[in-house]
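Please find one structure pasted underneath; my questions will follow.
Chain nomenclature is as follows: A, B, C and D, assigned in order of appearance, with residue numbering initiated at 1 for each chain independently.
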Amino acid sequence: MAFEYAQKVLFRHCDPAGIVFFPRYFEMMNDCVEAFFDSALRWPFEALHRVQAVPTAGIETRFRAPSRHGDQLTLALEIEAVGRTSCRYLMRARCGDEARFETRATLVLVGETGRPEAWPDPIRAKLTDIKEGRG
Amino acid sequence: MAFEYAQKVLFRHCDPAGIVFFPRYFEMMNDCVEAFFDSALRWPFEALHRVQAVPTAGIETRFRAPSRHGDQLTLALEIEAVGRTSCRYLMRARCGDEARFETRATLVLVGETGRPEAWPDPIRAKLTDIKEGRG
Amino acid sequence: MAFEYAQKVLFRHCDPAGIVFFPRYFEMMNDCVEAFFDSALRWPFEALHRVQAVPTAGIETRFRAPSRHGDQLTLALEIEAVGRTSCRYLMRARCGDEARFETRATLVLVGETGRPEAWPDPIRAKLTDIKEGRG
Amino acid sequence: MAFEYAQKVLFRHCDPAGIVFFPRYFEMMNDCVEAFFDSALRWPFEALHRVQAVPTAGIETRFRAPSRHGDQLTLALEIEAVGRTSCRYLMRARCGDEARFETRATLVLVGETGRPEAWPDPIRAKLTDIKEGRG
């Protein structure tokens, strides 16, 4: 089961063409990942970022259809792979039944000096459970 | 020869870890594409967007190293493919000799209804010249 | 009774000092006003903006204390004055009992040409009711 | 003589009404202040922010006329008052001869704990010279 995050398209997301300006989608994706760490992993970003960080190492996005002001989007996040210091997620956004974008990204846990660090055991266990559908 | 765009990393780009927050990179990429349309294609976004638009259909980015407040970035854009209604660019960002990110994206020209439209002939000719290194 | 809007301070709001970057507060204020039009006035921005707009003519903000990543903010909006084509609101943000900012702003309803337009009667009536505490 | 900062209105600044979304103006103001600290005070934000910060304590803005995509704005900053730990600036934006906004804001220098700190003597001297028109 994917982790779902609701996001209405707001005025601030939209460009002069009246559709979501694509860099704002990356802010939404980050908000969804932040909510996932908070609600699903119980490791809120505000705690994690005291000394560590989870920068995005790579991201690929395919935009299927434009989103308009007022659209009620659902972003659904699945964990596809869990490494020692990283994980890969797939995120799909839809409005009703219509696909809006899919994105795949790799996050890396890094310490204060920016070096990759192993996930804490309970986090790695949860990520693996979620990946295996036991989340 | 790539089209080059200079961007200093400003306070507003940076996150609590003191490095560029990745959605802000996508704003920089858009600024670089906007400057390319203005200076290289002589088709400023403010003219193009009166009735048309050039949404990003897909984008893939690999972040090589973090950028810090004050870094002087150079974004270098090359045209890799020119279609009837679309084009693909490669953009590389570096700070001095250090790679920061590479991105590949496909832009599509669309009309008022959001349907793809053929590039105007002089624009397609310029895109092709730039792609072939005659730009 | 003020209209209340909850906003957790997210990663994307924060600057290298780890506190909310002040332009992000203005995005939050806009989100709160957008929610007020939607929930309290039943005139969602996505409907209003088809032909009209409600630009901010003036805004004054006093920041009382910094907000940090993870803070649970409440933005409370009151209508202080209702004109023929404009209204003035007071918005106070707090985290628990601690004041974070107060802002006063004037919104003007404008038509397609950017000229001020009178509020539709039912909207003016609701704004007045809210101002008088009958909202 | 005011410190001047040029800013073209870009696609990313504009809202569905085709004009600058007002929170983006506050990002522009911050960029102008950052450029002023860099060029006029020779105290770049990236150096200042290693241990200190200059949060905005209060800001008042009057928007005179909307700005559109492609407009070439000039932001002109003057120092109006210099305190022990703070300063007040006036910033006026225009496009050609047309006024777009005026803003007055108070910045406070704070240390690592967030407490106000006295300006370093050479900075206070420069701020005073600029205020007196000897800048």
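Basically, a contact is a pair of C-beta atoms (placed from the backbone, for glycine too) under 8 Å apart; a residue touches a chain by one contact, two chains touch by 3 or more.
All values derive from a computational prediction rather than experimental measurement.
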Interface residue overlap between copies subunit A and subunit B, same or different (over half shared): same
Identity of the chain that, by mean CA position, is farthest from subunit B: C
Inter-chain centre distance, subunit A versus subunit C - centres from mean C-alpha coordinates, in Å: 28
Between subunit A and subunit B, centroid-to-centroid distance (C-alpha), Å: 24
Intercentroid distance (Cα basis), subunit C paired with subunit B, Å: 34
For subunit A, residues contacting two or more additional chains: 11-12, 16-17, 21, 23, 27, 30, 49, 69
Interfacial residue positions of subunit C with respect to subunit A in the complex: 9-12, 27, 30-31, 34, 44-47, 49, 68-70
Residues of subunit A touching subunit B in the complex: 16-17, 19, 21-24, 26-27, 29-30, 49, 53, 55-63, 66, 114
Complex interface listing, subunit D residues touching subunit A: 11-12, 14-18, 21, 23, 69
